[in-house]
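Below are structures written as structure tokens.
In what follows, chain A forms one complex with chain B and a second complex with chain C.
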Partner chain A sequence: MTVVRDRVTTRIASPPMRRRLSPLLVVVAGAAIVVALTYTLPPFRTYQLATVGAYLCVTAGLTVLTGLNGQLSLGHGALMATGAYTLALWQNKFNLLAVGIVVAVLVTTAVGAVIGLAAARLRGPYLAGLTLAVAVVVPSITSTFDETFNSDQGLSVILNPPPESLTVEQWQAWLCWGAALVTVFVLALLTRGRFGRDMRAVRDDETAARLAGISIARTQVAAFVVSAACAGLGGALFAVMAQSVSPGAFPLTLSLFLLMAIVIGGLGRLSGALIGAVLLVALPAVAHEIGEAAGSQRLEGNLALTFFGVVLVVVMLAAPGGLASLRPFKKKGHR
Partner chain B sequence: MDRFLFLTFDGLSRGAVYAAFALALVLIWRATRIVNFAQGAMAVATAYVAYSVSDATGSYWLGFIVALVAGLLLGAGVERVVMRFVDHSSPLNGVVVALGLVLIIQGVLGMIYGNEFRPATAPFSRDAFEIGGVALLSRYDLFVFAAVGAVVVLLTLLFTRTPTGLRMRAAAFAPDVSRLLGVPVGGMLTLGWALAAAVGSLAGMLVIPTELGLHPTAMDIVFISAFTAAVVGGLDSPIGSVLGGLMVGLLLSYISGYLGATVAPMAVLALLVVVLLSRPDGLFSRRAKARTA
Partner chain C sequence: MKRTATALTAAVLLAVSGCSNSDGGGSNSSADTPGVTDTEIVVGTHMPLTGPAAAGYSKIAPATKAYFDYVNANGGVHGRKITYKIMDDGYNPANTQQVVRQLVLQDKVFAILNGLGTPTHSGVLDFLKTNRVPDLFVASGSRSWNQPDKYPGTFGFNPDYTVEGKILATHVKTEHAGKKVCFLGQDDDFGRDSLAGIEKVLGPVAAKQSYVTSNPNVGPQMGALKAAGCQVVMLATVPGFTALSIGTAAKIGFKPQFVVSNVGSDPATLAKTLGAAAPLLEGVVAANYLPLVNDTANPWIQLYTKVNKEYNAGAEMDNNVVYGMSVAYLFVQSLQSAGKDLTRDGIIEAVKKGGFTGPGLVPVRYSATDHSGYGGEQLTTIEGGQAKWLGKPFRTDDGDGAVEVYEQAAVAPPANGIPAA
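== the complex of A and B ==
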């Protein structure tokens, strides 16, 4: 990290950017707020808070990939599934959670590198179609290798009980937010440095970026790998919270929800990723209450689905600033 | 050998549906440079309408016609209300808007009809005839071939033999010049979307009785297969999409038949990856050089 920062200072004599909040301050403040909340909120709200943290890991990584580097991924639900299944398999064999999360991130990173290598050669709808296929293929994989993944039923996750001084929800919230804050911190440092500028340069004009000596493919693969690692971490956290994994938990709509979350919050912004993560938890909860009030089960999930869709369309039509600025000089080509 | 023959015909029948669906994708891609990721959801929506009409009236064919008309209207509506206002400066915008439509359509369908699989009846028997002791084709397969064949012929005639088809092609390839020459470019776009959506609806009506039944997400896998077919054929080539559809159908049929149905989606993904990385302009594309935009 220090290397990156040194480069920045040597390359830019007078930073033209306005001063932003120091990531470290934000993280410390965030940790304090979360700890305070876990002691004041009722258990269910604390659980929701933990879910926001797990989503934040994923949305933060995705917004860096799509917002800063211009690569649209519909496969992040599948990457989350990779992390979740890895953790489940690890836990059921070794039951060492801390190591398991690291292993889940590493495995997802490797999978992300493979997808990223292909993605770096694709553009626009081609990339979207490929990643969409990745998202759809998850149930197929779990059914084909059902001895390992146990098909549609999925796997349960063995976990040790949390420390005695904490409730389960508190422990989950601390774990998820610890991971989320580390993720945001690392991403903030990464995107402020040279890597962030390289990604933006590649997004805005590949030819100009190449002329400036930036390797397009390497930058794109690196962005995908970083983003995949975040998705794997988020997936592992979801597996811990649910104490089970199944393909039904990672449907195509999950990937679309993630996309909605980063679009609505402003693409490429970590603060936007937080807004998106909160909405991913809050809106289904609101829809659930409306559904219960109306006494209709059909409303419940589908109301949130519809609302997410409307938001996605309206934001894209009314304020496409996020995505519109992605590749302004691109023509309709795919290579 | 018997099994191989059976799987071949089964694959061609599936492939015909993918071909129709891929054709719908290609129509819109050629006209607007948007891959309509909402195509599957739109087709499911019209199929729900069709089966509601069929249930109410007892007539499958009335429902079938309603599906096609609903497809025309839905396609035109989506173009006029949403897609026309998409900012085309980034190719991602059209994709994201289409995905938003997917969520809306699936959510609304779920609210109206529920998220259970609903049985969808086929108009013809799906039991295969035996020819020389080998089960090859069902009446339903013949119906599929006839319907898709008719669509391909009609679209070919429309685009190559009628003034409207000429205007549509002109509007797609040189919108500014066409506008100067008096072609209503916007109207042609709407017409293109309407036609494509109707073809998509037809494909949906044909494929849903052969799958698990009606469900808001019933077409997800079909969409992936058809997208793969369109990419195999080259997104710009209608003929390529038909050939690509048949190829994908055959591949899926052999894989499902010999390796198991659960492997099929992975095979589609593998094919998509291989084609995208080796021949991104499609196996049949006339344009030899890849666009380097």
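== the complex of A and C ==
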């Protein structure tokens, strides 16, 4: 972990020479592209596009926490589960989706604050251990309180059908990407301002940061809370897409995949989070194709994990800063 | 931020290039029904080929496919060959969501056939309904499949767990009168429906425990049942957990009479899982509604053995193979009944019309108001590692109806082994 962090540090710490695009411009362009795609892609691809959007909420938040603030979380799957279950319980009681998503984010934020308070006191492997425990405990909670959470079977989510003029998949893609773009926009603004500088300062040298008058604990807890809110939003979106929640949707491997995805994509960069989100959807799909081509359906259950591992090794060897650090057009004077 | 823009473009390109291979091959059937052409019918399923429920169940879909291949080799149904797409969901409801969407949206299947599992399939009911995909012969006995008003396209296959619970409990009531009866079930609708049936006949059980498939340890549960002094333990468990429960009980010196749900009772699967401890299975009581695999004189078993040898690479015959082929037989019957102009509404109407006779000891119950599968079971006991029939088939409903003996004899398969139109 330290090795990766140092390398990323040096890259990010270098003064930004390039002209920066306004986040608003990127978000508007992104929205236009997504809308165009939802009218051209076949339904299943649109569904996958929506999944990328939901993942992007989570990976963007996680990359801010891990890449910019240096806190490792293996428990983001559990935070997603918190958001998802909150939304499910809310929907089944009130059936008001917009409010439900907000409530899901708020509840996850509260849970994130509690974990963040504990996490701010821990470093390195101890922090990893704490967040790991959070990820592992989800299935036990759902089976212990099975009257509320209905154990492994999970809950179904009551949803109103989408507006007449849209297909279900288009509606899902708009919803997920709307949320994802708002998340990215807010995170971009946050990390560019004082909060972003504080987070980087804390990550790079806590003593120096404290000397500069930055409250270490407050910054770390705040970073965890922001990240948790994003995870809760992503989880709620997954609950909407699947129309159900179950502990099996948020296993430990999901938390590990999320972390791998942002490392492969490029730690600390929102563009890396996007690449990571795309990989989270694309790699299992590729693994499925390979498994089918090899004629063994039993292979694909295990292939995705192998695949991610291999990609991680290759990317770390070839581009330690992640895929987002690759700039093939740099020498041609592209913009 | 330029990188973000580059990445966005890359993502778009990736998505677009990805979709190029999924296009084409639209339906050229006159009816314009997804998954149906003049020469082919594509159906899909989700099955636990890996994971906690794979033991035994992973053999079902290949057997179904083998029977379809047999039908295809004999000219198919109304000139159409059946393609069966099998997806592994690992018995994880979240994966089921994913693979069923892939089957319906990407592979454009005509119907989902025999999707396995109560917790897994429950999660896709709404999706299948929204997309108007026939959801035929679900491989589970949950009462959720029998909701014609809410899910008009969904039909069960197994006798529902409440029916089964009532039949098993009736046996316990007569054969083990006055004994302390306890229950261990899966912590979902499977366990709950089963317990509901048992308690309809026996009243409240002395002790009840539950397990989840994600935690392969039933030590605490068996310990609690032993401590409660249970003499009969009724199991609503998948095969892996039946074996685990019986093995764990033996380990702590707990030897009750086990009475097991049909879905967790295939002797071959259990013996394989228990290994050297397989003799523990002697005397275990269960139930079945399809011919037993060791009954080699049964014409259905003879047919299935032949198909298995020719089209399933001679996989070891067990009750899962019998089950898989019986599902396939019923689906071919439905296709024949739906006629040459095959549509999604057409097949649902055909199944609703019912009147199918096949390998079952009692008939399936399909009608406009009843979407549950087989209506009863006959008890079995394990002797010398083989299941053996006890008594006569019973029939009942999931309400307060009585458990009655079903007298009519089972029918024999047609000479060529393929149902006629």
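Note that the second predicted complex is superposed on the first by the 293 of 335 C-alpha atoms of A that agree within 3 Å, B and C clash if a C-alpha of one lies under 4 Å from a C-alpha of the other, contacts with A are read in each partner's own complex, and residues count from 1 in each chain.
Here, contacts are C-beta pairs under 8 Å (C-beta built on N, C-alpha and C of every residue); 3 or more make two chains touch, one makes a residue touch a chain.
Just so it is clear, the structure is predicted and the values come from calculations on it, not from any experiment.
Participant: Looking at A:252 after the superposition, I want to know if it touches chain B, chain C, both of them or none. Which is it: first, second, both, neither?
Facilitator: Touch partner of A:252: chain B, not chain C.
Participant: Quick one: is A:172 in contact with chain B, with chain C, with both, or with neither? Answer first, second, both or neither.
Facilitator: neither
Participant: Under the stated touch criterion, which partner chain does A:52 make contact with: chain B (first), chain C (second), both, or neither?
Facilitator: second
Participant: Is A:191 contacted by the first partner chain B, the second partner chain C, both or neither?
Facilitator: A:191 contacts neither chain B nor chain C.
Participant: Touch check for A:143: first (chain B), second (chain C), both, or neither?
Facilitator: Touch status of A:143: both partners.
Participant: Which partner does A:309 reach: the first (chain B), the second (chain C), both, or neither?
Facilitator: In the superposition, A:309 touches chain B alone.
Participant: For A:72 in the superposed arrangement: first (chain B), second (chain C), both or neither?
Facilitator: First partner only.
Participant: Answer with first, second, both or neither: which of chain B and chain C does A:125 touch in the superposed model?
Facilitator: First partner only.
Participant: Is A:63 touching the first partner chain B, the second partner chain C, both, or neither of them?
Facilitator: A:63 contacts neither chain B nor chain C.
Participant: Which parts of chain A are touched by chain B and by chain C alike?
Facilitator: Chain A residues touching both partners: 139-140, 143, 298, 301-302, 324, 327, 335.
Participant: Taking the touch rule as given, give the residues of chain A at its contact with chain B in the complex, in rising order.
Facilitator: Residues of chain A touching chain B: 66, 70, 72, 74, 118, 121-126, 128-130, 132-134, 136-137, 139-141, 143-144, 251-253, 256, 259-260, 263, 298-299, 301-313, 316-317, 320, 323-328, 330-335.
Participant: Can you list the residues on chain C that touch chain A in the complex?
Facilitator: 1-8, 10-12, 14-16, 18-19, 22-23, 49-51, 58, 86-88, 90, 92-95, 97, 101-102, 105-106, 118-119, 122-123, 126-127, 130, 187-189, 210, 212-215
Participant: Once bound in the complex, which stretches of chain A touch chain C?
Facilitator: Spelled out, the residues of chain A in touch with chain C are 18-23, 26, 29-30, 33, 37, 40-45, 47-49, 52, 139-140, 143, 146, 150-154, 156, 161, 168-169, 188, 242-244, 246-250, 269-272, 274-275, 278, 282, 285, 288, 297-298, 300-302, 324, 327, 329, 335.
Participant: Which chain B residues qualify as touching chain A in the complex?
Facilitator: Within the complex, chain B touches chain A at residues 29, 33-35, 37, 82, 85-97, 99-112, 114-115, 217, 220-221, 223-224, 227-228, 231, 260, 262-266, 268-269, 272-273, 276-277, 280, 290-293.
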